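Across the two complexes that follow, chain A remains constant while its partner is chain B and subsequently chain C.
Here is the complex of A and B:
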């Protein structure tokens, strides 16, 4: 769910660009640092960015009969941490705008804030919290992906409500309206993305365990004693 | 499933591909800026008209392709504008009503967003991503970041083909016949894509290291045509749109 090109007034576009800039710059610095320390990491990061972009081509069933696509930022945040995802999401959103006409250049700041900052930070926070409480990886992954998706949708609705308060019921009415319009697809989608994440994580543990250990997502197994 | 990158295809074949990114960027950003700052009528309508003339004329997009490119943003704009047009009131439960204010805002919004989308198309349909990366590099954006962005672009094209092949294979095995089968196919497809993207990255890394790759993957950049006349014409076009909008209330 992205805000379309030209949808926000100029002042809002500038404000969201300014709000997103520190996170994206910080993420960019982390990426540069990682590239210097581990040159091979840039290829893995690029693969993660491309994966996030292509993930938007995988359709999930929705309760309203239509279908929608996952954002992939929750999984990316768990694997690569939120600051890196803020930078990668900016590139992915720029590609979506210029290659798929999904989102826009003027609304890039707002879309980065919701999908690249709020979603990944909330998703990663949920994952960490679940681990701290000793919940299973499955619960943690479900919460990370579902909440990253859900908060992206909440933030986008807030951004739209702020730009277009209802002439009758003000900001609260506009927020209710935008939440209601997109709830039919976004709420089931958040749950579906959470379930998808659990299934993907299970497959990844089987076939990409060493990579997950190297990324620090799962603890490294103690070496076998001869 | 995404069916290729239609905007990118248009950009690679555009007669304006040989023009400098600076010239096209200034024109497109100028039009986008005008679309979101000027009143929808006449400013937004003017921007939309100029962008349509450019897209169907010198940029060479064509009606059919423009229609295919426009439907997705068109649906988003219509849904958003419809939500703005309807007001909500809490009196003996929730009531929905359409006010004159709401309709005016929604109409203006639809015009403004359509104009900005068409303005964005003037850049997207004439400038392939690789040209944009080269321009960003010249603008002194750090090499490491440009490198990641261009690698994402390279991986994306390959992964889209892989995603298409996986989807097709799953579809012929009735992988999308039921809701649960769809979820299972989506999860297996997603996992396969992630693992393949890592594998592709690893193989590319091994290949590049073998060729002495250390920091940046520079490629030959063909010379792009810079034109002062083009730049001046762009500035005049945007200035005319601004002046037209300023004069509009007076002339009425």
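Here is the complex of A and C:
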């Protein structure tokens, strides 16, 4: 989902920067606030950030014959709310833009918007919906990670279509073209990320139950409520 | 306990299956110039094809230069993330499993 350096017109770069900035600034504040209010959750915060750091570095093969990487933002969005992931994703994307020539400084705003904002918000929304429907937290986590991953790539396709509409078929035609590049490839990867998320969540339930309760991720035990 | 382990094994098997099938079926597609090329570069190529006049107006300030160096830097990213993740999980585990008081021997 990295839009390469220089591959968006300057006006688009500025617009995406402006759109992303409030989320990232708010997210940065939330990270500081969070670690002050709940110091015991700092380890989970580090784990959520590290999870995204690892997953976005691994390019995986897909049935489409091309390869792509997961985003890992759904987990942190469920644990700490989406704005925190806007901030953490910005760190990941900066690292890749500066050291790996993946993505870029000019396209950072656009890439943060897809991976750090749209993905986490959709992931968190799916988690909440699953909860409302009374589905198990495993199903909720699966949907959160899979959909955060998938919608990140939908957003990238939209951003590219907006910048490079097809001369004949316009925005819709270009959208179809970029979805052809990203969406099909991402389906198995998003499913795999959802499964991995369930595995990680099971481990966290084992070792960080009280922290997850205090964050409101899993319901608190009756005796734990003051 | 056994049911829990079975679930873990089934989830891991599903992951292996997804990527096994991806490698097996994906190699039959020749949509990209290089097998399993990155979608990021496929998108870039699509832009250059549809808008040949578009000139990227900014270049990466640093380029790893070779695929080897690049893969090393990606490994560094995964290694850093894995280290922090491992530390966090280990430290959380330690909270739940405090070391037993030494009885001396």
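Quick note on the criterion: the second predicted complex is superposed on the first by the 188 of 226 C-alpha atoms of A that agree within 3 Å, B and C clash if a C-alpha of one lies under 4 Å from a C-alpha of the other, contacts with A are read in each partner's own complex, and residues count from 1 in each chain.
Heads up, the rule we're going with is that contacts are C-beta pairs under 8 Å (C-beta built on N, C-alpha and C of every residue); 3 or more make two chains touch, one makes a residue touch a chain.
Quick caveat, the model's predicted, so the values are computed rather than measured.
Once the two complexes are overlaid on the shared chain, A:191 sits against chain C while remaining clear of chain B. Looking at the shared chain after the overlay, A:35 reaches chain B, while chain C stays out of its contact range.
With both structures placed on the common chain, the touch criterion links A:179 to neither chain B nor chain C. Applying the stated contact rule after C-alpha superposition, one finds that A:148 touches neither chain B nor chain C.
Of the two partner chains placed around the shared chain by superposition, chain B and chain C are both touched by A:105. Legend: residue contacts after superposition of the two complexes on their common chain; A:199 is shown touching both chain B and chain C. Of the two partner chains placed around the shared chain by superposition, chain C is the only one that A:96 touches, whereas chain B remains out of contact.
Put simply, chain A uses residues 2-7, 10, 43-44, 46-47, 49-51, 53-61, 95, 97-102, 104-106, 160, 164, 166-167, 177-178, 181, 192, 195-196, 199, 203-204, 207-208, 211 to touch chain B in one complex and chain C in the other. In the complex of the two chains, the chain B residues touching chain A come out as 1-2, 5, 7-8, 29, 32-33, 35-37, 69-70, 72-73, 76-77, 79-80, 82-84, 86-90, 97, 99, 101-102, 105, 109, 112-117, 119-121, 123-124, 129, 132, 142, 144-145, 147-149, 151-156, 159-160, 163, 167, 179, 182-184, 186-191, 193-195, 197-198, 200-202, 204-205, 214-215. The residues of chain A lying in touch with chain C in their complex are 1-7, 10, 43-44, 46-47, 49-68, 95-102, 104-106, 153, 156, 160, 164, 166-167, 174, 177-178, 181-182, 185-186, 188, 191-192, 195-196, 198-199, 202-204, 206-209, 211. Considering their complex, residues 2-10, 13, 28, 31-32, 35-36, 39-40, 42-51, 53-61, 70, 87-88, 91-92, 95, 97-102, 104-106, 160, 164, 166-169, 173, 176-178, 181, 192, 195-196, 199-200, 203-204, 207-208, 211 of chain A touch chain B. Partner chain A is touched in their complex by these residues of chain C: 4, 7-8, 11-12, 14-15, 18-19, 21-23, 25-32, 35-44, 46-47, 50-51, 54, 56-64, 70, 73-75, 77-78, 80-85, 87-89, 91-93, 95-96.
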